[in-house]
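Each of the two complexes below includes chain A, the first together with chain B, the second together with chain C.
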Partner chain A sequence: MSADVAVVGAGAAGLRAATVAALAGLSTVLVDSYERSGGQYYRQPVSTPHLPSRTQVEGRRLVDAAYTAGVELRNSTSVWDATVSPDGGVTLRLTSGDRLSTLECRALVVATGAHERVVPFPGWTLPGVYTAGAVQALHKAHGVAVGQRVLFAGTGPLLLVAAAGTRAVEVLEASRLAQAGARHPLATAAGLWRQGERLREGLGSAWRLRRAGTPLRTGWGIVRALGDDRVEGAVVARLDADWRPVRGSERALVCDAIATHYSLVPDTDLLRLLGAAMEHRPELGGWVPSRGPLMATSVPGVFAAGDCTGIGGAGLSLVEGELAGHGAVRHVTGREPRRLPLTALRRERRFQRLYGALFTPRPGLAVLARPDTVVCRCEEVTRGSVDAAMTAGARTVSSVKAVTRCGMGPCQGRICLPAVAQLTAAGPPPEARAPLVPVPFEAVASCG
Partner chain B sequence: MRLTASVAVVGGGVVGSAAALFLAERGEDVVVLERASGPTQASVRNAGGLRAQCRNRTERRLALASIALWRDLAARTGIDIEYRQGGNLRVALAEPTLDALAAQGVEEAEDGLATEIWDRAALRRRAPHLSARFAGAKYCATDGHANPILATWMVVNAAKAAGVRYLTGADATHLDVDGGRVRGLRATAGGEVLHVEAPTVVHAAGPWTAALAATIGVELPLTPARNAMLVSERVPPLLAEFVSSHELKVYLRQARAGQVHVGGVFTVDGTFDQRVTHAEIAHLARAVEILPELGRMRILRTWAGTLDLTPDHLPLLGTPSGVDGYLVAAGFSGHGFCLGPAIGRTVAELVTGEPTSVDVTPLHPDRFAAC
Partner chain C sequence: MTSTDGFEIAFDGAPIPCRDGWTIGAALTAAGVRSWRTTREGQRPRGLFCGIGICFDCLVTVNGRPSLRACLVAAAPGDDVRTQHGSGR
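Up next, the complex of A and B:
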């Protein structure tokens, strides 16, 4: 199967990029691993009859626009391998359930989004500990609540928004928002300029928490979860400027679930597999692709947009998606785009900078994991083993991985390796290799 | 920076580290220069097979010695290298292949290596988990496998404990030769130039050995080649043996943690590129033709290492003529992990002038000089 343009990831950036390409008359395929398009921010309901939220209505409109423009949507489909062809196109190998297929395209837009950063702390593997994104997803897609007294801790706007939709007992934001805002009033004002919807969402969430009597504390964080077989409580503490718990400030509280969120990590596997040049930008979430005009990566014909290129939220993703769509069209047809959303891009970049200044995890979080705390869940590797490997001479993420097996399980290090990267010396970005997702032996053997 | 040593070893993989260990145990003052932060190449990027059967005679004797040394090192250090003496099974699709294996078994018996030939019925009975399509197999009960990452790091740490100095992040750039003798070498480490004065240099840098050797006029016939491997999800115990088929060009073993590792008896020559291509993945997935149970599993990940192939696929071990004090230990052609400790001990014997425990003259690097 082939198409002029392939887009991977049907979130804000991918939907917009695909729509632009299809409106330009190009055959466009939009691949997404979920059953429903929309990505994380615009996550669509799967089964529940409950009323769709504002973002779900907005997301529905984006999906409809893509469909109307003629985009071919291929859901429940993941990319497991990708190669740049000698003639300049890209071959994507796809898996959908047990079926494999191939998609050749002349231009590719990677819009794979981001996943939540997990910070290991004692007790984080207990049943009842979730990420805030998972709590919100369960609520959005299935109308399920994870507990009656949920503690929210970490950093980032999602914490607040997810908490407002659930029975939160307390919300602990590590960043001292008010202080940061007061220290950089101009940057804050610039970052929030024309972000009315975001402010409404944030303030609305804060207002709902206040009305429910849920305390929102900034400069606080979780130290450990309490409970034997499942979460029964937590120890929380005030955090210093590096987000290290302040001795003597600890207190215990009762809760039946914990939701953490430490901002997001860009999903760059596909970009790294294709050999795109990467740069390390902690304020954007870690390793991100270097890009030129119209979101072009260093690989000819490959464009990247949205959170997979640095955390910036749905607003920036929409703008970047549009630019990347034009980039793909120009690559295929040679047509120069007219009217680019450059004002919107500048506005959203200001917000991105503010987001980075407020919500970039700080090094003090690394002290939470004790020697017996599991860092890699898939392979059950503890912080102690990671430290031992480093004492024995492993210095980079890849050498720690090789010695401890940390990151070699089914999640392929998406969860644990960002935490290990906080402990090790800066090395090159970890290699990405096929398969990006597990694929059935039988099907691969017969496609030989 | 300047430093002196009695032996400088270039390459901190399994071969270089084993050589350093046995040299230090003989009282030598050894420094190892390792380009990376530890062993990261072929020493840790292999299937972990510890096999004596189905080898050339010299390699067989080295492998027998090496397997004993691996077990001895693990016992001495108390480190669990996930060694498993689960046997090695070379399966045959065609009757003539089985006949050739049987003939090899006779030669192996002369060296004291016991193997068995299983016909179709015996194979079905002894290894019912394998596909029924094979005519038979040759089995060596004393062979096995280990975790190459844990095992190689064990050698590195044993060498350090024996007093070997490791300089990591040190990239050897020049061999200093004067009057037909090696005097030491130069390296860059963290942007600095490092001079090492040493009357003996052991060069064990895998496929990267050739480029540096060429700077002193020593031409080593080493070709880099990629060997790709893939790993299944964790599954319950299925397989004790290390199984290989030269006809299907695939080998496999189950690691202790449960993943099945699959490698290929094929290489992509002439490249240092370690990206695994789709064709290689599809080829390796044919391991389902040996172990049908794999058909119900998923491929979790892949990786590749870089082999150092020689024209006869046998190592280069010895001092090339005209450069006294310079000892090459490279060209392992995919067998370096298993042979590592025995090669290391042989290097130590050659450096100190002891008689070698195994005759390695057939491996001398000058054997290609006339060609």
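Up next, the complex of A and C:
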């Protein structure tokens, strides 16, 4: 199969990019792993609720716009391999259940989004410890609560939003939000300027927590989870400026579930697999693609937009998606775009800078994992083994991976490698290898 | 069907109430089940973690098919869900 433009990821960025390309008259295919379009923020519910939320209505409009523009939506389909063809196009290898196919395109927009960053601490593999996103998804999509006393600990707005919908016992935000605001009062003001909606969402969450009597502590974090076969409690502590627990401030509390996450990590596997030049930008979430005008990566014909290029929120993803769509159109047709949303881009970049200033994880978190703490959940590799590999000379994430098997399991290192990167000295980004998602073995063999 | 319609699935033989549109992971969680897999090396219990198909911690055997992600697989009436030990093969 072939198309003028292929877009990977049907979130805010991908939907907008695909719509722009299709409206320009190009044949456009939009691929997404999930059954339902919308990505992490605008994902459409399984059954239509009687009273859809504002986000769901906005998401519905985005999906409808893509559909009406003539975008071919291919859901429940994942890209597991990709190569740049000698003639300039890109070949994507797709898997959908047990079926495999290929898709050739002249321009590609990568909009694969981000996933949650989790920092290993003793007990984090106990059943009952979840990512904040998991707790939010269970609540939002299924109306299921993970516990009666849920501890939320980590950093980022999602922590608050997820906590506001559940039976939270305490919310611990590692960042001292107030201090950051006082230190950068201008940045705060500028970043929040015209951010009425975001502010309302944030205030709404804070208000609901307060009404429920849930303590919200900034500059606090989790030290370890307690329990044998499931979560029964946690030890929490005040954090210093580096987010290292302050000795003597520890305190134990009873809880039956823990929701944690330390902001998000851009999903860059596909970009790295294609050989796009990357740069390390901690304030954007780690390794991100270098980009030129109209979101072009260093690989001709490959564009990247949204959270996979740096954490920036749904608003920025929409704007970047539009720009990347115009980039792809120009690459295929040579036509220059007419109107670009540059004012909106500047506004959303301000919000992105503020987000980075507040919620970038600090190095003190690395002391939480003890030698016997499992770091790689899939392969059960401990912190001790990772440290031993480094003592024996492994300097980069890739060499630690090769020696310990850390990051070689089915999650492809998405969960553990960001944490390993915090331990190793700066090196090149870990190499991405196909298959990016597990594929039936016979299928890979037959594709060569 | 509306989302209030209920049906049952079985977890290691015991009935688990379920609603239309729920995943296997949601049904088990709602019923208070927290783990349905043991790890290959340490035989440690695991269940849901990321909730969105990324971490592969929630692997479970459904109707004889091993290693399905409980957080993604939609529950169907009568599903026979089994704890998975190791790789389940």
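The rule is short, and it goes like this: the second predicted complex is superposed on the first by the 438 of 448 C-alpha atoms of A that agree within 3 Å, B and C clash if a C-alpha of one lies under 4 Å from a C-alpha of the other, contacts with A are read in each partner's own complex, and residues count from 1 in each chain.
The definition used in the following text is that contacts are C-beta pairs under 8 Å (C-beta built on N, C-alpha and C of every residue); 3 or more make two chains touch, one makes a residue touch a chain.
Note that the coordinates shown come from a computational prediction; the quantities given were computed from them, not determined experimentally.
J.: After the overlay on chain A, what do you see for chain B versus chain C, clash or fit?
T.: Here the two partners, once superposed via chain A, fit next to each other without clashing.
J.: Please compute the chain B to chain A to chain C angle from C-alpha centroids in the superposed arrangement, rounded to the nearest 10 degrees.
T.: With chain A as the vertex, chain B and chain C sit 80 degrees apart.
J.: Tell me the contact category for A:T83 with respect to chain B and chain C: first, second, both or neither.
T.: first
J.: Looking at A:R230 after the superposition, I want to know if it touches chain B, chain C, both of them or none. Which is it: first, second, both, neither?
T.: second
J.: Just chain B (first), just chain C (second), both, or neither: which does A:A392 touch?
T.: A:A392 contacts chain B only, not chain C.
J.: Let me test your reading of the model: by the given contact rule, A:R93 touches which partner, first (chain B), second (chain C), both or neither?
T.: first
J.: Is A:R433 touching anything from chain B or chain C once the two structures are fitted on A? First, second, both or neither.
T.: It touches chain B, and chain C stays clear.
J.: Name the contact category of A:V403: first (chain B only), second (chain C only), both, or neither.
T.: first
J.: How far apart, in whole Å, are the nearest Cα atoms of chain B and chain C in the superposition?
T.: Superposed model gives a least chain B-chain C C-alpha distance of 6 Å.
J.: If you lay the two complexes on top of each other, which residues of chain A touch chain B in one and chain C in the other?
T.: Shared contact residues on chain A (touching chain B in one complex, chain C in the other): 409-410, 438.
J.: Across the complex, what residues on chain A touch chain C?
T.: 33-34, 40, 46-47, 115-116, 125, 127-131, 133-135, 137-138, 141-142, 144, 146, 229-230, 374, 377-378, 380, 409-411, 414-415, 438
J.: Which stretch or stretches of chain B touch chain A in the complex?
T.: 36-38, 40, 44, 149, 153, 156-157, 166, 168, 231-234, 257, 274-279, 281-283, 285-289, 294-303
J.: Give every residue of chain C touching chain A within the complex, in rising order.
T.: It is residues 1-3, 19-23, 25-26, 29-30, 34-35, 39-42, 44-57, 71 of chain C that touch chain A.
J.: Using the touch rule from the top, collect the residues of chain A that touch chain B in their complex.
T.: Checking each residue of chain A against chain B gives 81, 83, 93, 379, 392-396, 398-399, 402-403, 405, 408-410, 412, 431, 433-435, 438-442, 444-445, 447-448.
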